[in-house]
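The letters A, B, C and D name the chains in turn, as written, and every chain counts its residues from 1.
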Amino acid sequence: MKGLYAYIIRRLILLIPVVLGVMLLTFILMHSIPGNPVAYLGGSGKLPPDAVEKLIKIYGLDQPLFIQFFLYLANVFQGNLGTSISVNPGANITDLILTAFPHTVELTIYSSIIMVLVGIPAGVISAKKRNSLTDNVTRVGALIGVSMPVFWLGIMLQIVFGVAIPIFPLLWAGIHEPAVKATGIYLIDGFLSLDFRTIVDSIMHYALPSIALGALSLSIVTRMVRSSMLEVLGEDYIRTARAKGCSENATIYRHALRNSLLPATTVIGLQIGGLLGGAVLTETVFAIPGVGRLITDAILKYDYPLVMAGVLFIAIIYIIANLVVDVLYAYLDPRIRY
Amino acid sequence: MKKSVKYSLALVLMLSLAASGIIILSPIKAQAVTTTLKIAQGGDPITLDPYDSWDSASNDVILNIYDQLVMYVPSTLQFRPGLAVGWQILPNTTIIFNIRRNVTFHNGDPMTPYDVWWSLQRVLPLYLRSALFNSSYINNATANPHHWNWSEYDGDRESFVWLLFEPVKDIRMADIGFWGNTTFTGENATAGDGWDEIVVEFSEPFAPGLSLFSYAATSIVNWKVATELGPHGMKFAPVGAGTGPFKFNSWILNYKVVLDKWENYWGQVPHVDRVEFQTILSASSRTLAIKTGMVDLLYPESADWYDLKSDPNIETWQEAGLGTRYISFQCLQNVTGRMFGILSNTTVRKALSYAINYDEIINGELFLNGLATRMTQPVVPAIEWAYNSSIKPEDEGGILPIYNITKANEILDSLGIVDVDGDGIRDIKGWTNSSDDFKLIYGYNIGNAVRERVGTLLKDSFAQIGVDLEIQGDEWSVFLYDKIVNGAYDIWMLGWGPDYIDPDTYFYPLFHSKFIWSTNGAGVNISSVDTMLEQARAETNQTIRAQLYKNVTNILINEYVWAWCYIPDNLYAWRTTVTGFKHSPLDQMDDLEYVEITPSAGAGIPVEVIAIIVGVVVAVAVIGGIAYWRKGAPA
Amino acid sequence: MTANVLLTIRNLRTHFFTEEGVVQALDGVDLEVYEKEIIGLVGETGSGKSVTALSVMRLIPQPGFIVDGEIIFKGKPLHLLSEEEMRKIRGKEITMIFQDPMNALNPVFTVGNQIAETIQLHNDVTYREAFNQSIELLRRLNIPKPERIVNSYPHELSGGMRQRIQIAIGLACQPALLIADEPTTALDATVEVQVLELIKRLRDEFNTSIMLITHDLGVIAEMCDRVVVMYAGNVVEKADVKTIFKHPLHPYTQALLGAIPYAERKKKSRLTTIPGTVPNLINPPSGCRFHPRCKHAMIVCKTLKPMLLEEEQGHFVSCFLYSKNKEFAEREHGVFEPLPGRIVY
Amino acid sequence: MVDDSYSKSYEDAENFTFTVDLPGLKSGIVERPRLQRFLDFLSRLKNPLTIIGIIIVAGLILSAVLAPFIAPYNPIAVDLNSKNLPPSLQHPFGTDGFGRDIFSRILYGAQISLFVGIVSVLGAVAVGVPLGILSAYKSGYIDTVIMRIMDIMLAFPSIILAIAIAMVIGAGIHAVTIAILVVSIPVYARIARGSALAVIQETYIEAARAIGASGLRIIFRHILPNILAPLLVEMTLDIGSAVLSLAGLSFLGLGAPPPYTYDWGRMISDNFSYQAVTRYWWQLTFPGLAIVFCVLGWNLLGDGLRDAMDPKLRLKLSKEAKKLIKDLKKKQRGLEKSNAKKPVRVVN
């Protein structure tokens, strides 16, 4: 355990340059936006010249670049990501993102649940019944899943399960809000306030989006688990297990699964990034007021600061997720010495 | 194995019992205690601070939080007393408002004339405001603690409507004259002690003056609250700042604005307890939202209009609107080095206006879907006295151009603009200095589907008359504040909404040569038009004004400065559960206090069923875990 | 020999159906294992030793199948048993130790866990008991500090220790037959000796009979009672260890004993490493499979397949140079002359 | 922290087999001539899925090249008399709100997809591979710097970074292409570096160094050929994902500006309306299907190539084997019953 903590701390330290780099990249992007930054810092409408002066002072645009970068860093570390210019002019971007984030989190949670609960068993089964009909169906399905655009799947789901066979609500609007708003994640709040209607509503409203979003990662995880499962099944210790007289199931679920899940962990971690990226599209299709839709809206309205802040935010979240996964991996695999 | 089966059965039972227990106990059985009116909006409000609101989303919210001095009789264009119980218009340079008494703000403060004065001065041009603040009678800081920081307050930003208030010379509280020599205690004054009059003076005779005070921008705010909250607070959470029928509850950015009923409203106390303005960006989502009853009221998409109309649960309202949509030509010569100048030729403009498919734009499903009428002149029919009903499109026996490719071709040929090099595009050598091909740039603002599609349409039909069209999309502010005013486009589509119900607003800002680099983007520069417009502005005799405007109209039509496109209808759609909705001709949603709503049972699968399903799913998952654990690791 | 037979293999044919063709890994293997003996299977790498062992365990991986022949263990026909019954036998009656101690143990479970698992699989005990038993077992194999060992993961142990652990797993249920597939190839010499010592001692302690698969004649010489020499999926000669080393009959055996360089120790060769080539067992040499490399090769060797016949008491050989085969060959076609001699080794 | 481990490891998924120690194979080795090996390679492409992939990709390329000749209609010509027509013989995929033939538009759309996919991938290779080889060949701080930068780029979810870049460059095909290109550079850098490192260890590189071959020569003569195979596979797969990213970006409105609106993703977002969802399903379905097939094709081809590149003995039961297994099983079942009562047979 002690070693584990040391490992975590080491990873955290290793993370610092990456995070700084990410910020630098965002900063550079921010500054290579065509046109005079004041034009968007000031918001729409014309500004009197003295106001422009003031803004340039405020944002330190007269400073040399690297000083500006440090200003930027300082702001970000104080949780100040600047102000939106056209989505909610003048609004603090941090507020915007933080209000939107829980919905993205909820969506991502549902999708990852689907990804794990369906992907892993599917992979295991199709590896177990290799070259059987099940296996082939799974493989082709996974292939198609890998090649499907998220937003298109979303639309198709809307057409089928919203219009043709109206089972699920078509969009997010109208979801029942929990009495207690502790986390902003409705499922959890629903449980906290024992409001069953909220729980159910949350599940129903997130069903289609999370399926649409999860499909891609689901397929990738399935393929991954299948392959690593097959790989493991070829290992010697599986033969040993059989030679011990383990039943087929015991061999697969006790000996093979654990080993084959180790590499899968990494992939699942990577997929969280995929989910965050896909959320941008899914939330747009299903009108979920999450970070993704915020970014889309910002793109349509050319709200550069908001887009960049959103990108930075998601990147940071992604980094953290990966860190967690790595630590988990290190924890699960006894061979890794931390 | 058997064991785990037993376990699972037990678990399923337990869980489903638990589920049903939760159902019985959970508050879902109880219906919503409050009646809520849900309104879908296409975008989040920009601000809830009246003075710089300009988009319709903000206006709709603001109109329900705040009141104005002058308001409209519901679903008409007649004025009715608002926060001003009455007004006298002294020989057309001065208006005196009598402020309503015993009006309280949402935080309980009584509304004072000073609030009115303070709120009105905010929309004035900067120079005027500084003049007001530094004027003799408000000069000591203790009396006016914030006179020194008014500019920080508004972030140096003028109100979006300041232009309209240029003719205003002075706004003051009555009896200032003989109070001037005593110490001023304006902000302590309460209505009824002789301070209940507001005097507005115009520098020049200004006929439509009264309507200026019906804007959302001129809403009366509680100056104390306003100064406490500061610009940010006023923008996002104006708690207790207004006197309107609803008081601000909460605004979840990019999600919804919630307003609560204000019991002590001076007028009709609202029937609904709560109003939610939900932001639903995508049009199709909005349509689905109202069809599924997730929202009760919205401005419907013209594309989905007929679906909503045919829906038994939905009522709709459609009437000719007050706004106009036109395709403008860049009429100026040799602007900033660009090739054109060819469009400064009236005949060319005429030819082009024959190559625009008005019918498709008005009736096409991708465009207005038949929910608009052909625009024939700058002013809309709703203003009968200035409207010249004799002007009709050609197919109705009038003179206005209609879609007629052959005619367009003939005109261009007659001008001698022909395709020399045989590349299918006419050549204009000799007309301009730069390029040979007759090539034009069409500009639209990204995100406006109709304008983009019009571009596609134009490209196609212009190709048929041998004109090459380049479609160029830009972000709204760039489109408006950079490209158009700098003449970066040859052709573009724009709309115009009336600032006040008077022909002046349809002519003066758009065709007077003094607005050429701003609102008069077409660059109309005709001296006779200028003079007539100024006359009409100053004139009070309606018949004379009407005549002047009709003359101007004729000139403009024969000059083909615009291609007169269409007048969109005002569309409203609401669930049948909503009664008493007053549709405003101004295409806005004020007067929500009259709306009543009967709560309807929520549709969809009964919660209990889902509860069971969920219970079972969870159970299976848990058992799966247990089974794996048992079979898997003995460790 | 009067000791009664533990395991009998008759005419065992195991084929692998690859997309390249049918690999006749075993064709007609005959051998028997007596109780409490150590029998050595010797032959150059991949002469079918491991496949024989796996066939006995019924663990032949796809696409391999026992096509023909019978395997009778304690009177039970293993080749006919259902998976269930077979599982009861694996690990309890017959156990197997594999060559590579690196991968033979599951990396994510502690050693104790894995031994205990075996015990738990075949006896009705709780995990705790099984665990303690496994500690006991390790102590019996006098492995130092068993309490620490059981709680360590395979990757924390040395190769020799891992191999011992494997043996422990193998012996967890006092099996009647322990198949050791090249148990010492991966170990260095000193450890090799210790492990062999251990195995030898166990034979007396647990009185199991041991099938020792190796290509190391030295090991055979010091460990085994009887030797079975295999070549290309056939048993070419079998006898007790002295006879073999005294006067080997089959040319291949002679070649082996002559320490011919091409029989040097090779690591496992994996079929997958030879792209698209035709392995010679897909269409093996006709007649006696050894004839292309045999210096006494005769025409008959090319056409006919010799039978495994008893030349002397307990000394079986399959070659046309001897006994019935010889007569038979002469009777069949009188011709009896060597092929034009070719140097193979 | 991020790597393409999964893409590497369902390499094995498709063609994984156990490996058995089979007798006497060593003596079977013969050095095959290059042509023979190439033929084997081709023969290994003969698996149904791969063939489907090849067909799809070929179809794509054809339709992109021949679009002007085979497309029945002009993709941007407005025909107001045939608006929103359902699929029919004249319009196989129906028409959109402008009466434009969706089939023709999809054919032309292939041009955009192919262009963006191929150009972006080639560009990424052109930038990434040299970087990777460089950092492998000149280890030390150069290596560190390059790889850190790659890490930083990989720290963004790719679509997000692409959005940011496209935003900065400004909407349009070129912007999207560059965005996707930049985003996929790190992948190639990593692959190149990995394989190059592996190769550099080899003795023949030492030898080459020893005889004083120049660095460039070593790279071109020895390293490049060796990392070609994994690169080819990755590229093929990446074209697919590039098409996906393109679709996503243009769905967000960052794609091709009008009149090039026949880009598939953009067709979907343009037609995505309540009307389309409820009535004009073909306007949404067919462009999407086009995307799916395109990506699927590239993926299949990529997988097939990978299988062919590193062949392993694939399990394929011949007819006889299947039959044999069946009756073996039958026999066994029958005999299990019988041998229950069969007297124990003593052999001595």
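Heads up, the rule we're going with is that a residue touches a chain if its C-beta (ideal position, glycine included) is under 8 Å from a C-beta of that chain, and two chains touch if they have at least 3 such contacts.
Note that the structure is a prediction, hence the values are computed from the model and not measured.
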Item to complete: Give me the ID of the chain with the smallest distance between its Cα centroid and the all-protein Cα centroid.
Response: A
Discussion item. Relative to chain B, which chain's C-alpha centre is the most remote?
Written reply: C
Discussion item. As a test of whether you follow the contact definition, which chain pair has the most C-beta contact pairs?
Written reply: A-D
Worksheet, complete the sentence: Between the Cα centroids of chain A and chain D the separation in whole angstrom comes to 23
Discussion item. Averaging over Cα atoms per chain, report the distance between chain B and chain D in Å.
Written reply: 49
Worksheet item: Centre to centre, by mean C-alpha position, how many angstrom separate chain A and chain C?
Response: 54
Discussion item. I'd like the Å distance between the centres of chain C and chain D, where a centre is the mean of that chain's Cα atoms.
Written reply: 45
Practice prompt. Give the residues of chain A that touch two or more other chains, as numbers and ranges in rising order.
Written response: 162, 258, 284-285, 300
Worksheet item: Mind pulling the chain D residues that touch 2 or more other chains?
Response: 17-19, 253, 272, 277-278, 315
Discussion item. If a residue has to touch 2 or more other chains to count, which residues of chain B qualify?
Written reply: 282, 288, 446-447
Fill in: Residues of chain B that touch chain D when the two form their complex
282-284, 287-288, 301, 303-304, 307, 357, 360, 364-366, 446-447, 452-453, 455-457, 459-461, 471-473
Fill in: chain A to chain B touching residues, read off their complex
44-48, 50-51, 54, 86-91, 95-96, 99-100, 117, 162, 167, 169-171, 173-174, 179, 194-197, 199-200, 203-204, 249-250, 253-254, 257-258, 284-285, 287, 289, 293-294, 297, 300-302
Response to the item:
Counting only contacts in the complex, chain B reaches chain A at residues 19, 22-23, 25-28, 40, 44, 46-47, 126, 155-157, 160, 231-232, 235-236, 252-255, 278-282, 285, 288-289, 292-295, 446-447, 475-478, 481, 604-605, 607, 610-611, 614, 621, 628, 631-633
Item to complete: Spell out the part of chain C that touches chain A in their complex, as residue ranges.
Response: 57, 59, 61, 83, 87-92, 95-96, 98, 100, 103-108, 117-118, 121-122, 153, 155, 166, 169
Worksheet entry | Parts of chain A lying in touch with chain C, wherever the complex brings them together | 235-237, 239-248, 255, 258-259, 262, 332-335
